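Below are the C-alpha cells for one structure; questions will follow.
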Amino acid sequence: MRIDGRENDQLRNVQLEAGYIKHPEGSVLISFGDTKVICSATIEDRVPPFMRNQGKGWVTAEYSMLPRATESRNIREAAKGKLTGRTMEIQRLIGRALRSTVDLEAMGERTVWIDCDVIQADGGTRTASVTGAFVAMCLAFQKGMDEKMFKTFPVTDYLAAISVGVDTEEGAILDLNYAEDSKADVDMNVIMTGSGEFVELQGTGEEATFSRSQLNEMLDLAEKGITELFQIQKETLGETAEKLQTPEPQEEKSE
Amino acid sequence: MRIDGRENDQLRNVQLEAGYIKHPEGSVLISFGDTKVICSATIEDRVPPFMRNQGKGWVTAEYSMLPRATESRNIREAAKGKLTGRTMEIQRLIGRALRSTVDLEAMGERTVWIDCDVIQADGGTRTASVTGAFVAMCLAFQKGMDEKMFKTFPVTDYLAAISVGVDTEEGAILDLNYAEDSKADVDMNVIMTGSGEFVELQGTGEEATFSRSQLNEMLDLAEKGITELFQIQKETLGETAEKLQTPEPQEEKSE
Amino acid sequence: MRIDGRENDQLRNVQLEAGYIKHPEGSVLISFGDTKVICSATIEDRVPPFMRNQGKGWVTAEYSMLPRATESRNIREAAKGKLTGRTMEIQRLIGRALRSTVDLEAMGERTVWIDCDVIQADGGTRTASVTGAFVAMCLAFQKGMDEKMFKTFPVTDYLAAISVGVDTEEGAILDLNYAEDSKADVDMNVIMTGSGEFVELQGTGEEATFSRSQLNEMLDLAEKGITELFQIQKETLGETAEKLQTPEPQEEKSE
Amino acid sequence: MRIDGRENDQLRNVQLEAGYIKHPEGSVLISFGDTKVICSATIEDRVPPFMRNQGKGWVTAEYSMLPRATESRNIREAAKGKLTGRTMEIQRLIGRALRSTVDLEAMGERTVWIDCDVIQADGGTRTASVTGAFVAMCLAFQKGMDEKMFKTFPVTDYLAAISVGVDTEEGAILDLNYAEDSKADVDMNVIMTGSGEFVELQGTGEEATFSRSQLNEMLDLAEKGITELFQIQKETLGETAEKLQTPEPQEEKSE
Amino acid sequence: MRIDGRENDQLRNVQLEAGYIKHPEGSVLISFGDTKVICSATIEDRVPPFMRNQGKGWVTAEYSMLPRATESRNIREAAKGKLTGRTMEIQRLIGRALRSTVDLEAMGERTVWIDCDVIQADGGTRTASVTGAFVAMCLAFQKGMDEKMFKTFPVTDYLAAISVGVDTEEGAILDLNYAEDSKADVDMNVIMTGSGEFVELQGTGEEATFSRSQLNEMLDLAEKGITELFQIQKETLGETAEKLQTPEPQEEKSE
Amino acid sequence: MRIDGRENDQLRNVQLEAGYIKHPEGSVLISFGDTKVICSATIEDRVPPFMRNQGKGWVTAEYSMLPRATESRNIREAAKGKLTGRTMEIQRLIGRALRSTVDLEAMGERTVWIDCDVIQADGGTRTASVTGAFVAMCLAFQKGMDEKMFKTFPVTDYLAAISVGVDTEEGAILDLNYAEDSKADVDMNVIMTGSGEFVELQGTGEEATFSRSQLNEMLDLAEKGITELFQIQKETLGETAEKLQTPEPQEEKSE
C-alpha cells in the first residue's frame, strides 16, 4: 500500500480551475494532490529575434516556486541573481513540450509566454506544470480566436505529463508525491500527446539504475495516467475542446 | 462618485484567508478588492551576521509579483538577474514596518522571513502586503508559542497599512485601486499601529505637489481605514488576537 | 542643547560652490556641515526608450558614496556588482523630486542626468543631494538657454529638501547630523517647492513610532529650514535665479 | 545510406587518448568522429557543504565548449556572465550519471571534479563527455589507489553513453553526427552500466513525436553501441580495468 | 611647443592637499593640472583569506571615476554591474606598485585599502593615483605609528609615477594631458622608487610602435619627472618624511 | 644552470600546428615547452558599434584557461559569472598587440575574433597566445584572400611576444617557465614587430624592483628570442609568409 493509500496505478486528486487570475489571456490553477501551480499564458505580438521574419510563432515557458512552496524555505532566484540549473531544465522542458502540439505557422508572428508558478509543492511540479500550461495556452488561443487573431486553432493535439517511478517495496508507481519521490530508486517524467505518441521521456536513477522491463512497466502506468489527464483537460476546456481532436483511449495503442 | 462606486472614505472588500498554503509556519491570502497577495512567514533558527550574539531576533521581508499579476506581463526579476528599485523599496518598507511592533528580544536569536507574493495586482499591493504579512507573522509566532519557542508573545501591537491619495475630481480618497492610482496627483502610503501612532508615512506627488491641508485630509482617511483593517485582522487571528492589546478606536486620537 | 550646539530649528552651515568640476554642463559642491556632495548635471540629446516620440524630456539621477565617505569603509557597489536598496531608493527619490519642478515639454527630447557623489558623509546626504542637484540642474539649463537649446527656461519653481526628526531629549529637531540621526526615534525627509507645497514626505520610525502632533512639529521645522535653503540657492544661481519665480516666505502658508 | 556512409547501427570512429594533459589526476582526449572533448578529473580533499560529515564523497561535473568548437562562433559563457540552460543540463547529467557507478563511501570525504571541455563539436558532445569522463575518473581513482588514498576502488561498474535517433528516411540510427542530429525527428541520449541497466534516458521530439515501437528500436541500437564503447574504455584503462567487473555482452539482457 | 605651452620635460602644476576628507586614516586630493584624484587609505585589522596566518599585511587598491569626470558622461560601473577591464588593470597596478615599497611584515596582519576616486580627468589619472595614494598610505601609517600600531614605519622607500609618450611633432614628452594622450603614438607609464629603480614599466603603441632609442628618451624624461614628484611628496609628508630615506637625485643613476 | 638545463638566452621547444581544429577560419595549437594554447581566428562580417560606418575593421581577443590547465584546479570564470582582472588584462593586451600590425582599412567592416584557450599552462601563456594568435589570424586572412574577401593582405608585419625576467641567481633569462616565473624578481613581457620595433613592454617587479641596466639586458634577450619566433611563424605560414615582408635579423637594430 502506498503512503497515501493509493493504488500503484492511481493518480492523486487532480483539479483544474480555469480563469484563476484575471489579467492573463489564459490562466488555470492546477492541483495534483497538494501540488498547486498557477499557470498563465500571455500572447505577445512579436517573436524573439531568432524567429523573426519566418511567418511563425513561438511558445516559451518560465517556471518558478514561491520560496515557501516547499517544506523548508528556498532562497529566491531573483535574490540570488540567477536561475538554478533545475529551473532552467524545467522551463526548457515545458516550452519544448508545448511546441510539439502547436501549429507555429497558424500562430503568426506571435509569442505565447507560459508562466508556471508553484505556490505549493508536493512532488510532480513539472508534470502538473505541463498539464496545466497546456490548458492555459488553449484558453489564451481561444481568446485569440474570439478576437479573430488566428484563422485556425493553433493547437493540433492534447498534451499532458505525468511522473512514474520504481519503489523498492511497491514496484512501479504512478504520480509520485514528494515522500514517494524522495525514496524512489527511479524517477521518470513522461509527456504524451492525445494520439498516444511520446513527446518527452526523461528517466533517471540517481545512485540507482533500472532495467528495460522496469522501463516498460513505468511506461504502461504513464499511458494510463495521461489518458485520465486528457479527460480532465477536456472537461475544463469545455467548448474549446471541440477544436481539438478527441483523444482516443490509449491502452490498445501500446504494443 | 469613484470609478467603482465607493465613497471617498470606503475601503475595498478586504478578505483574509489564514493557512492558505500548508508549509509555512504562518500564511494568509489577503485581498484588497482584486489585489491578491500570498503572505507567508517562516521562522529560522538563526539571525543574519550583523545581528549575531545580541540575544535578539530579526524580521526581514521579500516581495515579488507573478509576471502576469498585472495587465501586461513583466519580466521576472530572476530572469533579469536583479531586483528592481521598486521591489527593493517595498521589501525594505515591509520589514521595517513589521519590526516596529515586534519585541526582538522576545524572539531570541531567530529570523522571521516574510514572503509577499502578489498573484493579482490592482493597486495597493504594498499596503495589502504589510497588512497580510502582519497576520502571517502573528500566526507563525502563535505556532512558535505552541511549541514553547517563546516565553512571551513577541508582537506588541497591531499593524496595518493603507494608501490614500488626492484626485483632481474626487478630492482625498482612501484605498486607491490601479485605475485611481494612475490618475491621482498624489499617492501616500500610511502605516500605523493599534495605538494610533505612525510607523511610516510616504507621500509623493510625481509631476504634482500637495498642500498641508490636503495632507491632513489624507491622514484622516488613512486613520479611518486602518482602524477597519485592525478589526479584520483581529477576526482572522481568533484566539491569537487575545495576546495582542485590542486596538482602540483611533478617531479621538487625532488632533 | 544639541550635540553641536545648534538650536532645534537651526540648519548646519550650508555652502554651495558652483562650477566645482569643469566638464559637466552644471556642477556644484554642496555642504550641509560636514556632509559634502558633488552634484553634476549632464544634458544628453535623447530620452530613454519609454519616453521616445512624446516630445518631452526626462530627468534621472544617480547617487553614490565614496567608500570612505563614512566613518568605516563601505564596499563599492561596483565591486559588489549591484546597487544596494538604499542607493536605489535615494536615486529614485532625487529624480522624482526634480521632475516635479521641471517643465518636461520645454526640455524637448533630452535627458538630464544628475550625479550626486557623496565625498564626505555626516547625515542628510539625500537632502543635500536634492538641494544641490536642483542648482546643478538649473546651471545646466542656463547653459542650454545660452546655447539656444530651449525657448523657455524648463524649471518652474524652486526645490529643496531637509531632514527633520524627533529626539527623546531634544524633541523635534531640524537638519540632523549623523550622530543625531543615529539616536533619533524618527527620521523624516521633506521636499518642498518654492510655492510651499510638498513634493515628497518620507517619515519612518524604525523600532519607534510617532504621533500626529509630532508630525506637525516636524513639518513646521522643515518649512522653516527649506525657506532658508531657497535663499542660499537663489544667491548661488545669481542671474539665473531671475528666471525662477522668487520663493515666497513659507510661514504663513501652514495652516 | 547515412550521410557519412555508416550503417544505421554503426558508431563513428571512437578514440580515447589517456593522459592528454599533464596536471589533472586523470585526463583523456575522447573523439567520437570529429567530436573531440578533453575530459579531466581532479580529486579535491573535501566535499561541498551539503555533503559534509557524512563520511562520503561526491562527484560533480562542469562542461564547456570552446567558442569556435562549432561551425559559427558562440559567445563565451564567461563573457555573458552566466551559464546557458543547455550547459547546466549537460553538466548536471554528467555528474548524476557518474555518481551512479561510484561507491561514494569508498571515496571518503573527497570530491572528484570532472571537466569536459569540447574543443571540436560534431554532434554527441554530451555522450562523448560521459564516456570520456568515466575513463578520466577511473584514471584519477587509480592514481589515488597508488597513493593509498582509498582502500577499495571506488568504481563499481562501467558506464558509457550514446545518442540514438529517428530519421524520416533512415529510421532508427546510432551515434548521430551534427548533420544527422539537425534533421532527425527524435533525439535520445542513453546512459547504461556494464551490467546492462539504464542510468539515464532522455528522449525528446521537438516539433515531432515518437511511438513506443520507435522507442524500442532506439533502445536496441543504444545497447549495441554502448557495449562497443565498454570495450574501448576497457582497452584504454589497461590494468585499471581489472578493478572493474568485466562488462558482459548486453544483447541477451534485453527482453 | 606643447598644447599648453610646456617644455617637453616639464610636469604640469602638481598639488597635494593632505587630509582632504576627514574619515579615512590618510587622505589627499592630488592634482596633476586639471586631473584631480581623491586618494584615501583605510587600515583594516585583518588580511584577505589568501594572506592569513603569515604574520604579514597586504595593500590593495580600488580605482573609479565619477561619471562626469570626463568630457562626456560614462556609465557607472555600479550601474553596469561590473568593472571594466581598464579599471581592473589600473587598480591592480596601483596595489602592486604600492606593495613594492611596503614592508608587509612590519604591518602585521592588517590590510591597507587604497581608494583612488577621480573627480576630474585630464590625462594621467593612473600616475596621479599612484603618486597620491603613496602619500595617503604614508599618512595612514603615520596615524598607526602614533597609535603604537607598528614598531617600525612600514614604508621602505618613496614611490611615484608619471606618464611619458612620443608625439609625432614634439618627440618624447613628459606628463601628457588628455589632448596629448589622444594624439600620441606611444603611451608609457613609469613607476619608480626613491632609490632610482623601476617598479613598473608599461608602454604601449596602439596602431603604432616605438624603437629602443625612443624608449630610452622616454625613460630619461620619466626619471626627471619622478624626481620632482618625490620633492612634492616630501613637502606634503612633513615630519613623516623623516621616517623615509630622502630620495637621492636620480640623474646620475641612469646609465 | 636553469631548472630545465637551458641557457639564459634559450627558448623552450616551440611548436606550431596549423589547422588544429576544423571550424575556425584559422587555428593553431602553439606550444612553448609544456605551455599549450589553442588559438583560433574567426572572421565576422560586421564590426562592434563603436567602429561602425568608418570603413575599417577590428581585431579583438578573448583568453581563457581550462580549469585544470594548471597544477591546481581554478574555478571557471563562467561559473563565477565574471572575468578576473588577469584575464581582462591579457585579452586586452592580445587584441591591442595584433591590431598594431593589421591594416584595419584593408579588412573592410569586418571583425576578427581571436580565441586563445590555454589547455596546459607552464608559464608564458600570454606570450604564447600572442605568438600563436598572430599565425591563426594570418591563416584566417589567407582564407579570406582565397575567397576574394580582401584586395590586399591585411597584415603589415610579423608580430611575436616573449617573456624575460631577472632571477637572483641566474641573472636575466629568456622565456620563463612556471617554476622560474614563480621565483623571478622581475617579469617582463615584450611584444615586437618584424621590423624590430616595440609594440608592448610590460615589466613588473612585485615586491622587487629593477635597474635600468637590468632592463637593457632583458630587452637584448627578448629581441633575440622574438627573432627566433619569427622564423618558426614563417615556416608555419608557408606560402602565406610571402605576403608578409620577411622579418630582418634584429640584433643590429638595438642601440
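A, B, C, D, E and F label the chains in the order they appear, each numbered from 1.
FYI, a contact is a pair of C-beta atoms (placed from the backbone, for glycine too) under 8 Å apart; a residue touches a chain by one contact, two chains touch by 3 or more.
Predicted, not measured: the structure shown is a model, and the values here were computed from it.
**Q** Where does the B-C interface recur among C-E, A-D or D-F, taking recurrence as more than half of the contact pairs being identical by residue number?
**A** Most of the contact pairs in B-C are shared with A-D.
**Q** Would you kindly tell me how far, in whole Å, the mean C-alpha position of subunit B lies from that of subunit A?
**A** Spacing between the chain centres: roughly 35 Å.
**Q** So what's the Cα centroid distance for subunit B and subunit F, whole Å?
**A** The mean C-alpha positions of subunit B and subunit F differ by 61 Å.
**Q** Averaged over CA atoms, how far is the centre of subunit D from the centre of subunit E? Could you give it in whole Å?
**A** 52
**Q** Quick check: what residues of subunit C touch more than one other chain, meaning two or more?
**A** 81-83
**Q** Based on which chains touch which, is the overall arrangement a line, ring, star, complete graph, or other?
**A** If you draw each chain as a dot and join those that touch, you get a single closed ring.
**Q** Going round the ring from subunit C toward subunit E, what is the chain order?
**A** Putting subunit C first and subunit E second, the full ring order comes out as C, E, F, D, A, B.
**Q** Considering only the defined contacts, which subunit D positions touch subunit A in the complex?
**A** Result: residues 82-86, 88-89, 91-92, 96, 99-100, 104, 188, 193, 195-213, 215-216, 219, 253-255 of subunit D touch subunit A.
**Q** For subunit B, which residues count as touching subunit A in their complex?
**A** 21-24, 27, 34, 36, 38, 40, 42, 44, 62, 64, 66-71, 73, 76-83, 87, 113, 115, 117, 119-120
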